[in-house]
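Two complexes come next, and they have one chain in common, chain A, joined by chain B in the first and chain C in the second.
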Partner chain A sequence: MKKVFVNGCGVISAQKTFDNDTFLEEITTYNDRVMPVVNPVYKDFISGGAARRMAKGVKMAVVASNLAMQEAQLESVDAIITGTGMGCLLDSEKFLSKLIDNNEQFLTPTSFIQSTHNTVGGQIALGIQCTGYNFTYVHSSVSFESALLDAQLQLSLGEEENILIGGVDENAPYTINIHKLIGFIKAENTETFSLLQSNTSGAIFGEGANFFTLSTKNQESSYAEVIGVETLNTVSKENLDNAIVSFLKDNNSSLSDLDVIVLGNNGDVDFDGYYNLLTEGTFAETQQVYYKHLSGEFNTVSSFGFWLGAKILKTQSIPKEVKLNQKQTSSIKTVLLYNQYRGENHSFTLLKKC
Partner chain B sequence: MVALKDELKNKIIEQLNLEDVSVDEIADNDPLFGEGLGLDSIDALELIVMLDKDYGIKLSDPKEGKKIFESIETMATYITENSPK
Partner chain C sequence: MEKGVAITGMGIISAIGNNVEENYNSLISCNKGISRISKIDTIHKDAIMVGEINFTNQELEEQLGLSPDNNYSRTALLGVVAAKQAIEDAGIIDISEHKTGLISATSVGGMDMTEKFYYDYLETSEHRKYIKGHHAGDSTQKIAEELGIQESLVTTISTACSSAANAIMYGARLIKSGKLDRVVVGGMDCLSKFTINGFKTLMILSDTHNTPFDENRKGLNLGEAAAFLVLESDVLVAKENKKVLAYVKGYGNANDAFHQTASSENGDGATLAMEKALKVANLQAKDIDYINAHGTATGNNDLSEGRAIIRVFKDNIPNFSSTKPYTGHTLAAAGGVEAVYSVLALQNNVIFPNLNFKTPMKEFSITPQTELKQTELNTVLSNSLGFGGNCSTLIFSK
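Right, the complex of A and B next:
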């Protein structure tokens, strides 16, 4: 079995993360219910002609994939694997609104063509002329982990050498309104650093595109080694500890190996109990890190957590803005990522220093 | 006719998302496809729908489109002669 390394990152989020030379040095704070991304200059990466049919999500993903490949010094990859929970929502909403507004007449092709979930993977492939394996996973909050697992399996079995993976989701007004109406988005504005103390239901939503080049080759730009990833549709709070121990055991690790745990707390009083159980119990003495106050919640936000874990391992530093507790860690060798959304679709990802 | 040409230029820029193009940059006789504005077959479908929706003209023969969509001038002439609105 070959080892799998993260060799390049491209992260477009509600923070200025698209510059790989910095690590959360400049924090953008919000007091809202939804966070937009901090946009790079898209025209620096995508020609006007190509960009005119791309909605925000596609543009973000194309630029993020470009950055990830640049950092890994790759001009193309063997495969592109995308994770997206909601797909190209802006064009889906546009197409469906026109369908209703025009009484099912006068339907134009552009928003229909661009509304499919695999538009992202297709546009990235067109841009880099990649005719290899191209797959899109749509599986709620484990969409990114599904893409990661596929890539890890292909790389470790030696089927491919370099794979581009990523998670992308975009904010779209109609869907945001629905999520507000059903209480999945908090009823009140919440300040960035008050998220976990909000004590209310729902999350602060966001959007982003986080792409990575995974490779069998360890090189200067490498961030971390991907040891393992597991997704579980349902886990009870009582069984969470056991599930983690079992996952670690499957990957020849144990709780005592972990230096940092990256958690997906989103400030939802109804579901953060899963995380609280860990922070107050098994991992009370481990350095805890959280991130959704900086990124917002969306189906593939765990890809932001993946970037955070990998960046921590590469830089051997943890920005104070993501620390949930204060534990001294002289050397960071192993990081565990844990995420779930609304008590479902749990994921564990294990990264190690390379 | 001048007002219609300006209207068409604005609609084309807006509906086809030609963000980097302004009305002044489109001459009445510039080719819309190929070397001119660089529109493609998907744009042609958008223009056919626009003719139907905004001017009540249904193109029964798609081959007609090649001549009609040659330039702003040919589009405006065709709309003036064929629109029932």
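Right, the complex of A and C next:
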């Protein structure tokens, strides 16, 4: 089995993260129910005409994938595996609202063409002329981890050498509106640093595109080694500890190896209980990290957590804004990521210093 | 891979039948499931023909014993019907006895409900239960719940028209690598105004029966379906003395990297996918006995796929046919539907005819098999080609 390394990142989020030379040095705070991304200058990467044709999600993903390949010094990759929970929402909404408003008349194909879930993967392939394996996973909060697992499988078996993976979801007005109606989005504006104390239902929604080049080669740009990833459609609170222990055991690790745990708390009083169990229990003495106050909640936001874990390992530092508690961590060797959304689709990812 | 990954169960619901047996009977009797649309009120109803499943949502809900306050999209209803059949066919009684995953596929997801209640959601709360059923993973979650799959690997693939083929491919890889002992794989899509109008704007919907590989083909008929397979590890098959229906012997996925919706003129992606699948199967082109082609009957697909077949098989083109004239193009489900048909072909040593074919295409000399043909089959290749340049090939063997 070959080792798998994270060699390049491209992170477009509600923070200024697209510059790989910095690590959350400037924090943008929000007091809202939804947060947008901090945009890079897209035309530095995509020609003006092409950028105008692309919806935001595609644009973010194309630039993020570009950044990730650049950092790993790759011109192309062997495979592209994308995760997206909701797909190309802006184009879907555009096509659907026109269809309904004009009673199925006067429609043009552009937004339909760009509405399919695999638009992003297809556009990246087109851009870098990659004829390799191209998959898109669309399974709620494990969309990104499904892509990660698929890539890890191919790389560790030696089938491929470099794979681009990523998670992308975009904010779109209608979808936000209806998720407010069903309380998936909080009823009130919430400040960035009071998210976990909000004591209210729902989450603060967000968007982003986080892409990574995974490789069998350890090189100067390497962030971390991907040891393992597991997704579970259900886990009961009672069984959460066991599930983690057995995941670690499958990856020849144990609880005592963990230096940092990166958690997906989103301040939803109805579902944060899963995380609280860990922060108050098994991991009470471990350095805890959270991030959704900075990124917002979306189906592939755990890819932001993946970046955070990898970046912590590479820089051997933890920005104070993501610390959930204060523990001494002299040397950070092993990081565990845990995420779930509304009590379903749990994922564990284990990263190690390389 | 010697034998490949064992298929131990199949389930299907399509326009030509509500289970595997009904589908097979329609295939050998040349019964087409293509008609005018009856369940969706669209202004295009007289301009298109579709492969529609007869049951209404309410009938499907009753069959599944769902409570009236359920929030199933039609996609989910179809998916659960087919997945349950597959589990039953595989003789699985206690699903939690072995580590069982689920890899499903859809492109439409819960769009049928979203388009129905688009403005209604904003006005009243009555139908808002469907909002959380919109995303593509929802139907998969529901299948997992109905099958009793817990604390396991459950995910969804959406790569347009190759989705279910990719789900089968990924499932086979997970079994081969030992990540899972057993996995339910397949896909589902229901008809929706969204897809009808989308394909309409692309001007690739036929106003009559679709005619794959025919010079005068006018485009595709959309269809709805769900189809699932159960794949099991060799260890499990041996331990439980399971009956194996066929094997997933090879698979390949490649990207055309040509255009968001159109296939390259010479079928680069499809050629790569077929070549990869042959390599994984450790077979040569001459070993393939029958190709169940993607054959959507659009001008672009059939030319591109036909050329790819010629590139891979050269002077030795096996019998090939598209079964889309029976079912219509069932989008994300197509790879699953055609996997079931490929296995049926192997089990019964029969090649299903490419219906509606009259005139050979002028670009090449190959023509599909147009009559039902009994012949010894050992290896069947199935193509699924989609938007985003996504090309997938599966190879099934006895």
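Here is the rule we use: the second predicted complex is superposed on the first by the 354 of 354 C-alpha atoms of A that agree within 3 Å, B and C clash if a C-alpha of one lies under 4 Å from a C-alpha of the other, contacts with A are read in each partner's own complex, and residues count from 1 in each chain.
By our rule, a residue touches a chain if its C-beta (ideal position, glycine included) is under 8 Å from a C-beta of that chain, and two chains touch if they have at least 3 such contacts.
Note that the structure is predicted; figures quoted are calculated from it, not measured.
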Fit or clash between chain C and chain B when superposed on chain A: fit
First (chain B), second (chain C), both or neither touched by A:V269: neither
Contacts of A:A187 with chain B and chain C, given as first, second, both or neither: neither
Touched partner set for A:R53, first chain B, second chain C, both or neither: first
Winner by number of chain A residues touched, once chain B and chain C are compared: C
Which of chain B and chain C A:P109 touches, first, second, both or neither: both
Shortest CA-CA distance between chain B and chain C [superposed frame, angstrom]: 8
Contacts on chain A seen with chain B and repeated with chain C across the two complexes: 105, 107-109, 113
Touching residues (chain side chain B, partner chain A) in the complex: 15-20, 38, 42, 45-46, 49, 52-53
Chain A partner contacts - residues on chain C that touch it in the complex: 42-44, 102, 107, 109, 111, 114-115, 118-119, 121-122, 125, 128, 131-132, 135-138, 140-141, 144, 149-160, 166, 170, 173-174, 177, 179, 193-194, 197-198, 200-202, 253-261, 268-269, 272, 386-390
Complex contact set, residues of chain A against chain B: 48-49, 51-53, 102, 105-110, 113
Residues on chain A engaged by chain C in the complex (per definition of touch): 80, 85-87, 92, 95-97, 99-100, 103-105, 107-109, 112-119, 121-123, 125-126, 129-140, 142-143, 146, 149-150, 153, 157, 174, 177-179, 181-182, 184, 230-235, 239, 243, 299, 344-345
